[in-house]
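Shared between the two complexes below is chain A, which has chain B as its partner in the first and chain C in the second.
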Partner chain A sequence: MNIVSLFYLAFVVAVALVYFIAPRRIRWGILLGASLVIYLYCGRRMIVWLLLTSLSIYVGGLLIDRRQKRYLGQLEAGGELDKNSKRALKKKNERDKRCYAALVAAVNIAIWVTFKFADVFIETLNRCFSADLSFVHMALPLGISFYTLQAISYVIDLTRGKCEVQTNYFKLLLWLCFFPQILQGPICRYRETAHQLYEPHDFDYRRVKFGMQRMLWGFFKKLVIADRVVSVSDKVFGYSAKYQGVIFIIGALAYTIQIYADFSGGMDIISGTAEILGITMPLNFERPYFSRSIAEYWRRWHITLGTWFRDYVFYPLSISRASQVLSKHCRKLFGPGIGKMIPTYLAMVLVWLLNGIWHGAGAQFVVFGMYQGILIVLGMQLEPVFQWIIDRFRIRTDCFSWRLWQRVRTLALIMGGRIIFKAKGLSEAGRIFRSIFTTHNWWALTDGTIFKLGLDAWELFVLFVAVLVLLTVSILQEKGVHIRETIERQNLLFRWGLVIGAVVAVVLFGVYGINLDLTGFVYAGF
Partner chain B sequence: MDELLSILKGICPKVDFVNEKKLIDDGILDSFDIISIVNELNEHYDIEIDVDDLEPDNFNTVEAMLELIEKLRNE
Partner chain C sequence: MSIKIKRAAGAIVFFMLLFATLAWVQEVVTPDFDWPEHNRRSLKSIRSAFNEPKGSIDAVFFGTSQTFCSISPMTMYDIAGVRAYNLASTNQRIPVAYHLLSAILHDQSPKLVVVDASGFFYTEKEMQSAAKYEEMVNSLPWSRIREKWTLMTEIAKLQDRENDWKYILSSVISLLRYHTNYRLTQRDNVEMYLKDLYQRKGYVATFDTVPVEKENYKIVKAMLDPNDDYASDDDRKEKLTDSIAANEPYLLNMQQLCREHGAQLVFMKVPVCTTTEHRGYWSFNKHEMTEALAEKMGVKFFDMCYEDIGLDWFRDSSDSGEHVNYRGTKKITARVLKWLQEEFGLSSEHNETWDRQWSYQSQVFAEEMEYLNLELEYDLVKYLERVREGDYVLFTIVSNGLGKYWSDEAQQAFEETTGTKFDLREKKNAAYVSVSSQGRIIEERNGKNACSIKVDLENGLNCKLSSKKTKSRSAGSIVIDGKRYDSPGQGVHFVVYDNKLGCIVDSVCFNTASKAVTAQQNTEYKEDMRLKIIEYVHGQMKGI
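After this line comes the complex of A and B, so read on.
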């Protein structure tokens, strides 16, 4: 289902109405019903896989909880156990719980890998063994890449004692498939969102108003910016053989704007929908293009995916016993400085490898992930060199121009990643990079070529104004201004003028203003 | 406390560990800093900080880190 459709809007209104009218004790059931309706509408038979995943974490959760209770009983019955016995009991308990969690994770990863990589495996087999196996072209179950990670986080958090077990299967199913969030995230943690889904929320005018405003902002980003600029990025990367040099920089910039407006716009619609119903979704974007380093960028882009990899892959790997042993060896071999960091860097490279694979099957996504990882490691390792340059040339770092330079540099590196992501394969990405560095066709910026990249002068003007609005709002937010609260404090005429103006802008310039087809969300495809 | 402060200063010299009270919540320490601190503390105090202990509450202040070290030493 496209969340920028009228059908979705009507569905949200209907769900909200029923939710607020229904008796308080069954309101969570309304949310579950709505979520299952959406899932059946979009995925039909694919719901089997969602049910399987939810069942696996339900059973896994009960087993983990039972084991924990047994351990606590043993401690109580043991009375005055000595330190070593207590430690042994704790270790066994931890090991058993982790086994259950690992089993659940393995089942779910296997399902996800099968759906996501079946054709890649077949292609590899055909290539390696000159076989002629036909592709299966399996459609992905709706939201599988998101809910699989969410499901794994539940059982791991249970083993770590960071959340309570859910003994009601249907409540757990609701947490996994809550309807706006199942479409493209954010990847929620059980302890942060589950209780909000189960608690009944009453109608609150201010909250509903804020939710609708956030949805409107999301529609603006998606319909006015993303769905407009997509013409440029699709044309440049889709017909890349026709273009050279600076045109690829324009294409990369267009795609960089598109993917942000698309994904964060989608998040605004999803979070706004949840807000109407009284549920706060975790933050997924924090103005990432204002980042001053790649590491900072990834702390502000798709935050819930980044923190998932940090908490469930990077941390466990980095402080594992194996990592500590490796660290000791590396320090002997390479010295205390770099030697100590090697295991951490290896863990990080693995995280980025997995991050790339999560985005898609194929070498180009692996390279995309590795590109980010290598940039972060290089940034850290070369910090003393950068500091030396700053000191040597007496560069001022406490001024606007320095911060601007850092942001422009980071944005350029991000655009490099986008080229790898968007190009038709790795070799094409390589050709694009070569062309950017070797072809100096700067005149293409002034000879009218840019008006032939999918948008005419008027469309480019509308896009420019829309991006300027987005930039202004982002700068204000960056300075700590709460936009919706600020609007709320204004006079009635101004408030309504602004809202009506925004609706008109979305309707005129987004949906009906030009002959563009509504396009799906980029991240809904993952 | 002084011993811990000198370890922390050795890892993140630019951070004001004495006065900052939200080292994690305010993003002053990133995940690399956390890992470096954990590995250093494990080695120095001969403790085993588990992944379960990697909670913001345990690393937001020097006092919280000290409390965690004491707890793990007594286990």
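After this line comes the complex of A and C, so read on.
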């Protein structure tokens, strides 16, 4: 289901009405029912995989909890056990819990890998062994990349004692498949969102209003900006053989705008929907294009994915026994400075490798992940060099121009990543990079070529104004202005005029229509 | 009042405002014309029919573009005080007419429902044109949501999209379909909507004069003649029989609907003069079949193609015989009215409110037509006489030489209109430019090969006129306030500026090199002119 469809809007209204009218104790059941309806609507058979995942974490959770209780019971029953015995019990308990968690994680990763990489695997086999295996062309279950990570986080958090076990299977299922969030995230943690789903929320005028405003903002980003600029990026990268030089910069910029407006717009719609129902979704975007370094960018872009990798991959790797051993060896070999950093960098590179793979099957996505990882590592490693340059040339760093330079530089690096992401294969990405650096066709900016890239002058003007609105709002937010609260403080006529104007802008300038299929969300495909 | 009630009331008012705004936006972006490049038929004029006071209309007309160019309800009101409405639309199919009739009968109780037979011969396949249904969906107001929905479900059926509710919904809510028209919306669309000036009651006036070709005229005469070989040789006869049979059930439905509402269904055929190359042709076979169907249904049929109503196909057509211009309209409307009065006693009851409204609209219409009428004059001498009568500034140039068909009468009329003493036929005047007003020359110049003038007029206009004898594309030009207004072609070019309106009201080239002295219009200024006329006339009429 597309969350920018009229059907979705009608569905949200219906769910909200039923939710607020229903008795408080069954309200979570309404949410579960609505979520399952959506899931069944999107693909009936695929629900099997969702149920399997939910069942695995439910059973896994119960086992982990039972093991923990047994351990606590043993401690109580043991009375005055010596330290070593206690340590042994604890160790065994931890090991058992980890085993359960690992088993659950393995099952879910296996399902995810099967769906996502089956065809890539077959293609590799065919290529390596000249085999003729036919492709399976499996459709991805809705939200599998998101709910798999959520499921794994639940069992790991249980193992770490960071959340309580859920003994009601249906409640756990609701947390896993809550209907706006299952479509494209954010990747929620059990301890942050589950209790909000289970608690009954009463109708709150202000909250509902704010939720609707957030949805409207999401519609604006998606329909007016993302679905408009997609014409340019699709044309430039889809027919890349026709273009060269500066056109690729325009294409990369277009895709950079598109993917942000698309993903963050979707998040706004999802978070707005949840807000109407009284649930606060975790923040997934914090104006990432204002970042002054790639590391900061990834702390602001798809935040829930980044923190997931940090908490469940990077930290465990960094403090693992293997890492400590490697660190010791490296310090001996390369000295204390670099030697200490090598295991951290390796863990980082692995995280980015996985990040790339999460985005898609194929070498292109692996390189995309590695590109980000390498940039971050280089940034950290070259920090002293940059500092030396700053000191040597007495560059002022406490001024706007320096911050602007940092942001433009970061944006350029991000656009580089977008080229790898969007190009038709790695070799094509290479050709695009070569063309950007070797072809100097700046005249293409003024000779009308830009009007032939999928958007005419009118459309470009609308896009320009819309991006300007987005930029203005982002700058205000960056300065700490709470837009919705600020609007709320204004006079009624201004407030209503603004909202009605925004609705008209979305309806009028949105890219949709009878002969246009609604453009799917980029991240819904992951 | 508790805060909850206040908030609920606030939310209701907000959503009402929001929907009202969206409804307005929808009006603006929904296409005003069903065929932008051609007849420019205003769909909103059909919609305006639903704004007429309830029960005020006594006759409604259905048909194709031939009908909406031929029947002028305002003219009927001028002649006999009859209140009629023209609901014809481009290539209107009978099923569409049926649905439209069904919708209009909710508010109106016409005594007569007149259907032009031009639509009886669409084939079954042509009848199922979804586009035609869609136009009608757009033209129906929201108060007729039931008919809108029925029409859309019909369309969905035709396109095998019965279960595609999104398609149906987005067709009924035209904003979803036409929202991208924000970029196409023309100034006049918006302005016309804001002023709600659709008061021609469904009639579309055309002012061009494009005569029928003589050869075609003869063919059409043969097509209408029952004794001519054409009638018996018409290989389309079988197809026509099938078509009219396919339309019959819908016509019967219309008849049934009329009976239920106390109206009488009648058939007519407005005159046309086109050969079978045009889809809207008329022939003896069509006449005979329609007559047979009318007899079978017990409906009266009046075929004006067989009546001498004084139509001159060399003067009264706007496009070589398929449609008539305003001059032709007046003749056809008068004849139809006479027939309806004599046969059915058509008249309108006196109602002070309605009559006051119609009377005002009728005066506005007459004024508009008066201004637009200048375009209709293709006779050079008469044209100059008309220009002489008005408060105009006349810009004249001779381009590519005068040609030999500039007659003595033309020269005399020109002298009287402009006050010039130059005889344009003399060699020294092979190139000529002038600016004149009310029988007085403001500035003029002549030359053997070329000449030009630059004048700043008292009314603030600055103009530049040039004339050349040579046969080149730039043989002459009339530039007023930086904009070029002359028409293409060889001969004498006139551009007429109306001092009252403050705009150009005509631009024409009389080709005095050809024996027929044909008139060719430059239409680029027309949009501006029409808006100015409407504004001016309404300004003048405000006091009434």
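A few notes on this one:
Keep in mind that, in the parts below, the second predicted complex is superposed on the first by the 519 of 526 C-alpha atoms of A that agree within 3 Å, B and C clash if a C-alpha of one lies under 4 Å from a C-alpha of the other, contacts with A are read in each partner's own complex, and residues count from 1 in each chain.
What we mean here is this: a contact is a pair of C-beta atoms (placed from the backbone, for glycine too) under 8 Å apart; a residue touches a chain by one contact, two chains touch by 3 or more.
Since the structure is predicted, the reported quantities are computational estimates derived from the model, not experimental observations.
After overlaying the two complexes on the shared chain, residue contacts for A:500 are found with chain C alone; chain B is out of touch.
In the overlay built on the shared chain, the residue A:362 is in contact with neither chain B nor chain C.
Within the superposed three-chain model, A:161 lies in touch with chain B and out of touch with chain C [touch as defined at top]. Of the two partner chains placed by superposition, only chain C is touched by A:508; chain B is not. In the superposition on chain A, A:205 makes contact with chain C only, not with chain B.
When both complexes are overlaid on chain A, the residue A:33 reaches neither chain B nor chain C. With both structures placed on the common chain, the touch criterion links A:314 to chain B but leaves chain C unconnected. In the superposed pair of complexes, A:430 makes contact with neither chain B nor chain C. Within the complex, the chain B residues that touch chain A are 27, 30-32, 34-36, 38-39, 42-43, 49-52, 54, 75.
Interface of chain A with chain C (complex): residues 5-7, 205, 458-459, 496, 499-500, 503-504, 507-510, 512-514. Contact residues on chain A toward chain B in their complex (touch as defined above): 83, 87, 160-162, 295, 299, 310-311, 314-316, 318-319, 324, 327, 340, 344, 380. For chain C in complex with chain A, the residues that touch the partner chain are 7, 14, 17-18, 21-22, 25, 29, 166-167, 169-171, 175-177, 179-180, 182-183.
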